[in-house]
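Dropping the structure in here first, questions after.
Order of writing sets the chain letters: A, B and C. Residues in each chain are counted from 1.
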Amino acid sequence: MSKSTGCCQGFLHYVFDYETPKTLIIPSIRVGFVFRFTQFLVLLYVVGYVCVVQKAYQETDSVISTVTTKVKGFAFTNISDMEPRFWDVVDYNIPPQGDGSFFVLTNVVMTPGQTQSRCAELPNPSTTCVDDCDCVEGYNDPRGNGTPQSQIHPHTPTPTCPSESRPLLAEAENFTVLIKNSITYPKFNFHKRNILSHINSTYLKRCEFNRKTDPDCPIFRLKHIVSEAGEDFQDMAVKGGVLGILIDWSCDLDWWARKCYPKYTFHRLDNKHPVNNVAPGYNFRFAKYYRTAEGEEVRTLIKAYGIRFDVIVFGTAGKFGIVPTIVNLGAALSFLSLVSEDVCCSDWFMLTCMKKRDLYSRQKSTYLVEESEVESVRHVLSYFAF
Amino acid sequence: MSKSTGCCQGFLHYVFDYETPKTLIIPSIRVGFVFRFTQFLVLLYVVGYVCVVQKAYQETDSVISTVTTKVKGFAFTNISDMEPRFWDVVDYNIPPQGDGSFFVLTNVVMTPGQTQSRCAELPNPSTTCVDDCDCVEGYNDPRGNGTPQSQIHPHTPTPTCPSESRPLLAEAENFTVLIKNSITYPKFNFHKRNILSHINSTYLKRCEFNRKTDPDCPIFRLKHIVSEAGEDFQDMAVKGGVLGILIDWSCDLDWWARKCYPKYTFHRLDNKHPVNNVAPGYNFRFAKYYRTAEGEEVRTLIKAYGIRFDVIVFGTAGKFGIVPTIVNLGAALSFLSLVSEDVCCSDWFMLTCMKKRDLYSRQKSTYLVEESEVESVRHVLSYFAF
Amino acid sequence: MSKSTGCCQGFLHYVFDYETPKTLIIPSIRVGFVFRFTQFLVLLYVVGYVCVVQKAYQETDSVISTVTTKVKGFAFTNISDMEPRFWDVVDYNIPPQGDGSFFVLTNVVMTPGQTQSRCAELPNPSTTCVDDCDCVEGYNDPRGNGTPQSQIHPHTPTPTCPSESRPLLAEAENFTVLIKNSITYPKFNFHKRNILSHINSTYLKRCEFNRKTDPDCPIFRLKHIVSEAGEDFQDMAVKGGVLGILIDWSCDLDWWARKCYPKYTFHRLDNKHPVNNVAPGYNFRFAKYYRTAEGEEVRTLIKAYGIRFDVIVFGTAGKFGIVPTIVNLGAALSFLSLVSEDVCCSDWFMLTCMKKRDLYSRQKSTYLVEESEVESVRHVLSYFAF
C-alpha cells in the first residue's frame, strides 16, 4: 500500500512537476537595447512583409470562371477578285457560340467549286497547294503509304487571293467584343461578374474599354486590344495571330480589404519572331458544302486568316485563415528569434562586446567539473555544519 | 606542442561541449496542472484541427480533367410561323463534338433566304435588326469608318419569331446528357472516371442522376439540372443562359481514407439580375448557307437562344507528405508553445497567481548585480576557507 | 519627483532588462558527439531534402497556356458502300479552328438524303436507330411527354456502314499534327513556347517527334502518339476514343537552374475497360444541310467516329522566394530541433545513458522545496555572518 502510494506519488510528480528554464536578468541598458531592437526588427518584418506584403495569413483558392463573348460590327469588301460583299458577325466570327476563345476572320483565300473528280496526276506540292496563295507551309504533308488515285480537282485553277500587304477585312479593327465573365471561388463561396454592380444599361450601351477613362467597361474595340498588346492590327490581320485577353481576378476577400476587380491585360500569344518562324500567323481551312442540281457535292474551300482571341482568366483569392496565420507567423517568429535573438545578436553582443562579458559569461553558464564549486560549497558547509 | 595541444583541446571543447538550459522543477500540482492543461489544448488543436480538419500534413495537387458529353432526346414543334418540324440532337446541339461546353438550342429566330443584294439604304438600327424579333441589343453596333454601300437584304421582311413567353423547344427540358469525365492527378499518378467501378451497363441504360436515389449516375435530365440550380427551365429557355455543371473531385488519397468521388453541383453562371441587365440571356447567330440553282449564295440566318452548359471540373487531391507534415506540425507546435506555455499561461500563472510567486520568481530568475549574492557567498566562503 | 523617477526606472528596467536562459556546459565528448550528430542529421535533412529535393524555398505559380494545332495529311477511301473519295484536313478535322482539342475523323456512318417528311409510325428504338449501324446505345433516349407525330424519314433505308474491324480512314495514322503551345507564368513574368529557340525552320520542315532522336520537335505523327499511349491506332480508330497529349511545363526558374522545357506524355483518357463499357469509344453526330431545287431542306446525317486529341498543359514554376524560405527553413529547424535535440536525443542520452547521469541531472535541474538548500545555505551563512 505504501509502496503503491509512493509509486503513485512518483507518477504524480512526473506528470505534474513543472519544469521551467532558469534565467539570468541582466540590467544593462545596452544589452537590453540590442535585444529590443532585434525584437523590433523581427516584428517589423513579420508585420510588414509577411502580413502586409505577402498576406501569408490568408488561405487561398483558385478561380473558376466562365466566359461568353459577343462580337459586333460590319464590314464591306469590294476587291477586284471577289464580288462586293457585306460581312456580318455570322460570316467572320468562328465558332459562333461565343465562348472564351473566338476567332475574327480578317483575310481569306477562297477556292470555290471544288468537286470530287478524278485526276490523272498524283498529289504533289504543286497540286496540293491549289487552295493556297503562297504555298509556304511550315512542315511536310505526310501522305502515308496509300497511293491516292483521285484527288480534289479545283474547277477554278487559281484561288481568290487577297493582297499581301492589306487584309481583306481591314475594317475589322473597329469591331467590338462584349466579354461577360463570371467567376467563382468555391472555397469561399464567392461569386462575381466583370460587369460590376455600379454599371448600368445606359452606360453599357455607349461605353468602350479604356484603361484611363473606362477601366470597368467590358466592351473592347479590337484595334484597342491589339495595340495594347504592342501590335499593329493591320499587320497582324494579314497573316493572323493569337491574342490573349488576360483577366486577372486576384482578390483579397477579407472584410477589411474586399478588393476584387478584374484587371485586363493583352498579350500576343503566338510567335512573330523572325527566327524559327514556322507557319507564321494563324489560319485554318474550312469548307462550305453545296449540292448541285445533279446531286453532286461541291465545296467552297476557305482558308481563313484571322485573329484568335483567347480569354484567359486566372487569379487567386485570399482570405484570413487561422491555420496559415499560425503556421506562417509561428515559423517566421521561431526562425527569426532563433537566428536574430539567441544566436546572433543579443547573446553574442552580451558575451563579446560588453566590458563585463566575463561576468556575464560566468553568470550565464555553469561549467560542470567533477568536483564542482557547488559540491565544494556543500562539502565546506557539511564540514561546518558538522 | 603543448600550445597546439591546448589549442586543439580548446577547439574540441568548443565543438563538443554540450550546453543545456538549467531548469527549475516546481512540485506544485496547480502549476503543473495549468502546464499540462495548456499542453493538452495545444495537442488537441494540432491533432484535431491541423491534422483532421485541415489535413495540413498532406501534399496537394490540382486536377487535370477531360470531359465528353452526349445529349439525347427528340422534340417536335408545330407553331403557326414555321412548318412542323422534328428536332434531333444534330439540330439543337451546337457544337456537335460533345466537349465540356455544350449548347442546347431552346428558342430560335430564323430569317431564311438572305442574299447579298444591293440596297439603297444605309444600315441603321431599324435595318440591322431585321434578323431580330426584339431588337433590344445591349450595346452599340460599331460600324467603323467604312461606309457600307451594300448590305444583306432579307427577302422575308419579318423573321419567324417565336412567342416571348414560351420557348420553341419546350420539350428540351426532358433531354438527357451523359457526362463522361476522366481525371488525373499527375503528382500522385492517380486516374479516375466519374463512371465508378460499381456501375454496370445495365444500370447505366436506365439510371438518371438524383442526389438521393442515384447520386453516382452520370446521366442528367436537363430539367433536373436547371431546377437544382434554382431556376425554372421554361423561363430560362426563352432568353437562354449559361448553366454550370460543377464537378468537385476533392480527394483524400491516403490509404486509410481513399475517398475520391465526384460531387455534382449546379449553378447558373450568367446574370439574371434585373439591374445592369445588358444583353440578358445567351444567344448567338449562325447561318446555313445554300446555293440556288443559279449559283447564288443564300443563307438562312439563325439567331439561336438556348442554354449553354459548362462542365467545370475542379478539385485538389491531398496525400500524406513528409515535408508539409514537418513544416505544419513544427510551425504549429513552436508557435503555440511560444504563445501558450512560456509566455502566457504557465509561467504567467506561476509568477502572478500563486501564493509563493515571490519564491518562484527568486528561484527562476537571478538578478545580476555587480556584487552578486553568489559572489558574496564565494567571498564569505573564501574567507572561511582561508 | 523621486516617485516618478522610481516609476520611470522601473519601466526602464522592465523594458531593457535582458533575460537570458542560464545554461550548464557539460564537457563530455560523448554527450557532445551525440548532440553534434543530431545537429548534423537535422542540417542534412534541411539542406538535402527540403532545399534540394522539395525546393521548399521557392514560390510557385501555375501555368497559363494557349495552344494552336494544325493537322496535315490526306487519305483516299474506296469501299463498296461509298463512292471513291479523297479526304483532306477540311473533311476530317472537326472543329477546323485548331485549338487545344481537335478531332480526327477515322470512321463514319453516313445517312444521306434525310428530309422532314411525315411518317405514320412513332419513333421507337428500331426507327430512331436508322442513322446507326450497330444501334448499341448506352442509355435511354428520353422523349419526354410530347408525342411526336412526325419524324425524320430517311430516304435511304440503310445507312452506309463501314466495316467493324477496320476503320474507314485507316490512313489517318500517318497524319501529323503541329502543336504550337505558348505558356506564361504571370507571377514571374515568364513566357516561353514549345518551339524552342534552337529550332529553325529547316529542322521544323522535316522533323517528327521522337522521344529519343527528336524530343523537341513539336510535330507528332498520330500513330506515334497513340502507340506511346499504349494503344493500337487501328483498334482505336474503329470506335473512336479520347487521347490526351499532356505537356508538362514544370519549371525551375532560379538563375542557377533555368530549366524550363516541355515534357510530352500521352494517355488514353476515355475508358476501354470491358466492364461498365457504356457508349464505348467516341462519336458524335452532325449534319450537312442542303436545299433541293424545290427549296426543301435535305440533310446528310453523319455519325463521326474518331479520336479526339486533348492537349492538356499543366505545370508549376518555382523561383526562390524569401517568405517560403524562411517559413520552411524555420519550421523544419524549429520542429526538428525540438524533437531531436532537446526532447529526444541529447538530453535524453545525457540523463539516461551516461554514468554520471545523477550528477548531470542534479546540476541541470534544481528541485524546488519549501526550505530549499540554497535557503538553508543562506540561513547558515546569515548565521555565520552575524
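By definition in this document, contacts are C-beta pairs under 8 Å (C-beta built on N, C-alpha and C of every residue); 3 or more make two chains touch, one makes a residue touch a chain.
Computed from a predicted structure; not experimentally measured.
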Between subunit A and its twin subunit B, rotation from the CA superposition, multiple of 5 degrees: 120
Shared interface numbering between subunit C and subunit A [over half = same, under half = different]: different
Gap in Å, rounded to a whole number, between the CA centres of subunit C and subunit A: 15
Two or more partner chains touched - positions in subunit A: 19, 21-27, 62, 95, 290-291, 293, 327-328, 330-331, 334, 363, 365-366, 377, 384
Footprint of subunit C on subunit A - complex, ascending: 19, 21-29, 31-33, 35-36, 49-50, 54, 56, 62, 94-95, 101, 103, 116, 118, 123, 128, 137-152, 242, 244, 246, 248, 267, 269-271, 275-279, 282, 284-287, 289-291, 293, 299, 301, 308, 310, 312, 314, 327-328, 330-332, 334-336, 338, 346-347, 350, 363-369, 372, 374, 377, 381, 384-385
List of subunit A residues in touch with subunit B within their complex: 12-13, 15-27, 62, 64, 66, 68, 70, 72-76, 83-86, 88-91, 95-99, 171, 173-176, 178, 180, 182, 184, 186, 191, 193, 195, 197, 199-201, 204-207, 219, 221, 288, 290-291, 293, 298, 322-323, 326-331, 333-334, 359-360, 363, 365-366, 377, 380, 384
